[in-house]
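Next come two complexes built around chain A: one with chain B, the other with chain C.
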Partner chain A sequence: MTAFAQQLIYGASYGMNLAVAAAGLALIFGVYRVINLAHGQLIMLGGFVAYVVATQLGTHFFVGFFAAMIVMGLLSIVLENAVFRFLQRRPLTDQLLASLGLYMVLGTTALRIWGDFEARPIAMPGEDWALTAGEIRIDGARLVTIAITLVLFASLYFVVYRTHLGRTMRATAQGEETAALMGIKKRRVAAIVFFLGGALGGAAGAMLGALFNVRPDMGFQPLLMALVIIIFGGMGSIAGSIVAGLILGILYNLTVFYVGSKLGDLVPFLVLLAILMIRPQGLFGLPDRNA
Partner chain B sequence: MTLLPAHRISLRDRRTRAVIGWLVLLAFLGILWAVVDNNYHLRLLVGAGTAMIAVIPFGLLMGHMGYLAMGQGGFVGVGAYVVGVLTVQQFEFDFWAALPCAIIITSALAYLLSYPLFRLRGYHFAIGTLAVGQLLYIMFDSWEWFTGGPHGTAGIPRPALGDYAFVTNQRFLIVVLFFLVIAAFASWWLARGHVGRALSAIRQDEDLAAARGLDVFRYKQLVFVFAAGFAGLSGALYASMQIAIDPSSFTIWSSFQYVIYVIIGGSGTLLGPAIGVVFLVVLDQFIQDFGKWNQIVLGGLIVVTVLFFRGGLWGGANLLWHFALESVGIRQIVAQALGAATRGK
Partner chain C sequence: MASSFGVIRAGLLGAALCAGLVAGPQLAKAEDTFKFGGVFTLSGPASFLGLFEEAAVRLAVEQFMKGDCIVEAVPPQPCEGGGLKIGDKVIPIEWTAYDDVSEDKKSIDAVIRLVEQDEARAIWGPRMNSALLSAASILDPQGIISICAICSSPAMTVGRKYGHDITDTGVIEKHGMGEFIHETPERLAEHGIDPALFDGRKKLGFIGRNELYTVHGSIGWQEAVEKGGGRYEYQHDWAVLYPFGTTDFAPHVAKLAEQDPDIVLMDAYIFPDMLAIMNEMKKQGLNYETGEIILLGNDVLMLQIFVDVAKDQGINMSSGYVWGWQEHNPAQDEATLARVEKYVPIYNAKYGDTEVGNSSPFDRGAYDAAIWFLYGVQASGDHTDNDKIVEAWRNLKINGLRGPTNEFFTRPDTGEKTGQLFATEYIIGVADEKVFYTGISYRDELFYGPYVYGDKLPK
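This part shows the complex of A and B:
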């Protein structure tokens, strides 16, 4: 039972990390209608930015964390300006393929620079203490990541639902041309959405890099998980990302713990197939003819 | 010669041109087989031919029908593992007995999967097939007692006909080319008739096609099973070509590889995907000097192709050809030559 409770909380913290990654993907998809496979590499590069700033330059974790968010946000804007803006009216296969190309370019660049697969840790507040209640023992770092993700989601909610900026984003999501006719500058909205999406990816990367290690191939699994999460939660829904991320993270951890790590890898795909069969629009999504 | 009655022999006739095109292609493949004697080049040809057997039918699914399937590597893997398991790992089948099993099992799997998968469209379909591909990969990797797990299966035989064993690359190329011609011909035959028109209707507006009475699902299922069957065949040949297989050949990257062949060669055409295979195999020889940077070249190439050359290499060649026809005046030259020829006859 204690092991179960412990795995539950570890799963929740992993799931929250994935939810942050997925929220970036969901935000971009919700407003801009692009699934950005390169998001996986933004997660990975975010981890490396945090590693360079926090570990190599010897600053505090949070300096590296915010550096990762800002750098990945800016990189994401660059990608939008260089590639995705030209593909908005194209069939979805084009967008997926272009982002796949970007995924390969970014991934190989990182592999060339940090391809020795050395252990690259990031020091994190809370690593030296643990919460013990009875026999349950929870690393402080896990609790810190849960706290960070809660703050991130609260801020994201505030931005999207309580500010003028968020209103312009939601208006663009509902109808880009109508929004443009109302005086909303769509290029600016696109830049902000991609900045926020990339920053969330960078944040997820910094946290995953701190919990595990930073590696050039660390973006792949979170990307697959994030894809599953945004479909599970409903395309473009932020609330859906949180709920789906939690469920998936917990299921994953429990399966790995009780059944085996290889079958744990099966979990996201079995969940995905089940969701696609039973409720293709996801938990919080609306049926969409073109989705 | 009921195929081509004498009075129809004219270059303007569609059927004549098709027959001539196929004869030229067969002659080209025959000459290629006879001319190449460098073992390394033969090896490349065998690999490219094996990939084409999977890619040309896959082009129907992705290019003609517009359904981006991102798990085709899984079906190729099923074909390879059926052969691996039947000939070495669990049983001792002959290669020729295992080959049809590979095709049948892969097709049956695709038939069953088509029911759930074609409830999905667009992004959902792409990600659903991605999940299937990854599930199959995990199965190859972890079903240890049956597939050999991460170490894979070794000692898969090459086929033989009587005393003639297709052991060398030059001989094995005959088998590959034989099946390649079948794959290309079957795809061409499907694409030119009512199936091809149905696929293009599905790509353009599926709801409209359904509303006009087209049984959309049957066509989608047909093409999905068709592509998977040839993926299984390609996998079976791949297993025999490699002698040993392991799960690392059937990851998600191998699935992406097929998508990349189609997009770079030219989606929506029959020869385009094959040209994509040739181009990437040749490119691979040149950019090997860059070491591991070649993925960057490849990724950049995909982005550039998607952004600027939507038709891929085939579309680009077509543009050039029409430019040559119109502005340089080749059309007049050809017309004069043809006119002279017909008058002469």
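This part shows the complex of A and C:
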């Protein structure tokens, strides 16, 4: 029972990080209708920005964390302007191929700059202590990332559902042309959505990098998980991302621990298959009325 | 429409004819040169291995062409420059290398290109263990010689007439660790190691990335335990093999901790993976700093640079409970040191300012292997007959940068020379944050079991 509880905690902590990564992807898809595979590399680059600012420049973790969010938000706007705005009305395959190309370009660039041999730690608050209850332990650093995640989601919820900016985003998501007729500037909304999506990717990268070291291939597994999470949670649903992230993180850990270490990566895809068969709109999505 | 097809067909016919006209002289030219190709991991996550290897092989070919080989064949072979000395002719060497970008498919594409387009007679690589079997199925039927100095997989040589592994393998390495944990207290004490180091320890664990190298390593680990006759317990099924791209190692280490091992062999070789696992081990009760477990690792764990990086992350490897191996002799004889002293400035002058950096054991092993192979081609007396080349090469030894009289392993059951280097494993420890050689090494006792020699790899 102790082992089970411990895996629940580890899984919830990892799942929360994945949920942040997925929320960025979900936000961009929800409003802009583009699946951005390059998001995995924004996560990785976010880790590197946090490493450079916090570790190499010797500042506090949170300085690196916010730098990662801002830089990745801005990079995301650049990508929207340079690539995605030309793909918005193109078939899904074009979007996927273009974003896959970006994924490879960004990944190769990072490898060329930083290589893969070195380990790049980021000092994080809480890494030297842990809460224990009997044989169960919760690392301080994991608790800090959970707290950051909750703050990020609360902020995101506030922005999307309690501000004028959020209303313009939701209006654009519901009907781009109608929103434009109401005076909402499409390009401005796109820039904001991509900034927020990229910033969430950067935040996920900074947290994952601080917990597990920064490395050029660190965006791959979170990207795979994030793709499943946004389908599982309901395409474009932020609340869905949180719930699906938690479930997937816990399932991943329980599978590794109880079934087999090699089978952890199988879980997301089994979940994906099940969801597509049983509830294609995901946990929080609405059925596609056009289907 | 019909006329369009006609134009295309005519064009294709013309191209084919042109290709035929060009192919004639090329084949004739092939007799006058020795075509040698390579597939290396020069970019992507595993590039730190391939970059060293490619740089060293390229340097070896250049040195051979210049007549400045540094390392010597036993019995001696000439190195007079201009190329291979075959009879009274000097045959130039044509070297072509491709990058597999750390991808299996690109590895195989490059192998096919080297065979079909470049007409290579011998191919170095591919390094990636996952591509080895596919490459073998292309190269072996055509009798093309296959060589690797950083492959570490039995798939390079076992059951293969033309395959050559000029390093140890994951299996041989684990046999080395197996010998170490079965050492007598007297021998441990003789080498300054706590004679009670392994007392009361019974259960073994294994953790590594899920790939051919570690799967074979875990099997070798089990073989070593079986050879020991029941002093320890380990089964291959217990191996914790995490997937490529793993970010959070907590559940994998938890699975290892649940087995409650006394000794853990960590067979990871990517720094971030190793550090994350070692950090997580301490948190989950597998503490090698306090002696709760003994942590054994490979030659990457025993690199001084890794010990330094680990220290920066708060990991103490000097507890007396962390041990590993190296394949490169840390206690070199004078003649070897003289060769190394001549080689290192040449290497550093050529690559010192590049990403390959300064000379290391990785490039020296590859340099030895490349010159050794070229001597073997010469010794065969016929650079166009791969059967003769293989036979001559395998019966040649080399006094190299890694030490004197490197040789291929001879199967005890058939007396045949295999393509596997008769490698030695040197046991390394860490004290006062510095790696040191214990003075314990193994060779003959490591070469047993079907994964080291056999007619084919067991399923």
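Some points to look at:
The rule is short, and it goes like this: the second predicted complex is superposed on the first by the 287 of 291 C-alpha atoms of A that agree within 3 Å, B and C clash if a C-alpha of one lies under 4 Å from a C-alpha of the other, contacts with A are read in each partner's own complex, and residues count from 1 in each chain.
In the analysis below, a contact is a pair of C-beta atoms (placed from the backbone, for glycine too) under 8 Å apart; a residue touches a chain by one contact, two chains touch by 3 or more.
Treat the numbers as computed from the prediction; the structure is a model and nothing was measured.
Bringing the complexes onto one copy of chain A puts chain B in a clash with chain C. Once the two complexes are overlaid on the shared chain, A:208 sits against chain C while remaining clear of chain B. By the touch criterion defined above, A:216 lies against chain C but remains apart from chain B after alignment on the C-alpha atoms of chain A.
Of the two partner chains placed by superposition, only chain B is touched by A:273; chain C is not. Of the two partner chains placed around the shared chain by superposition, chain C is the only one that A:118 touches, whereas chain B remains out of contact. Of the two partner chains placed around the shared chain by superposition, chain B and chain C are both touched by A:265. By the touch criterion defined above, A:227 reaches chain B but does not reach chain C. In the superposition on chain A, A:175 makes contact with neither chain B nor chain C.
After the shared chain A is superposed, the part of chain C among 56-64, 110-118, 236-244 or 344-352 that runs into chain B is 110-118, by C-alpha clashes. Across the two superposed structures, the residue set of chain A contacted by chain B and also by chain C is 108, 111-112, 115, 224, 262, 265. The touching residues of chain B, when paired with chain A in their complex, are 62, 66, 68, 116, 119-124, 126-128, 130-132, 134-135, 138, 141-142, 207, 256, 259-260, 263, 292-293, 295-296, 298-303, 306-307, 310. The touching residues of chain A, when paired with chain C in their complex, are 3, 6-7, 10-11, 14, 108, 111-112, 115-121, 130, 137, 139, 208, 211-218, 220-222, 224, 252-253, 256-257, 261-262, 264-265. Of all the residues in chain A, the ones that touch chain B in their complex are 35, 83, 86-87, 91-94, 96-98, 100-105, 107-109, 111-112, 115, 224, 227-228, 231, 235, 262-263, 265-266, 268-270, 272-273, 276-277, 280, 289-291. Across the complex, chain C meets chain A through its residues 43-48, 210, 240-243, 245-252, 254-255, 258, 270-272, 274-276, 283, 309, 312-313, 355.
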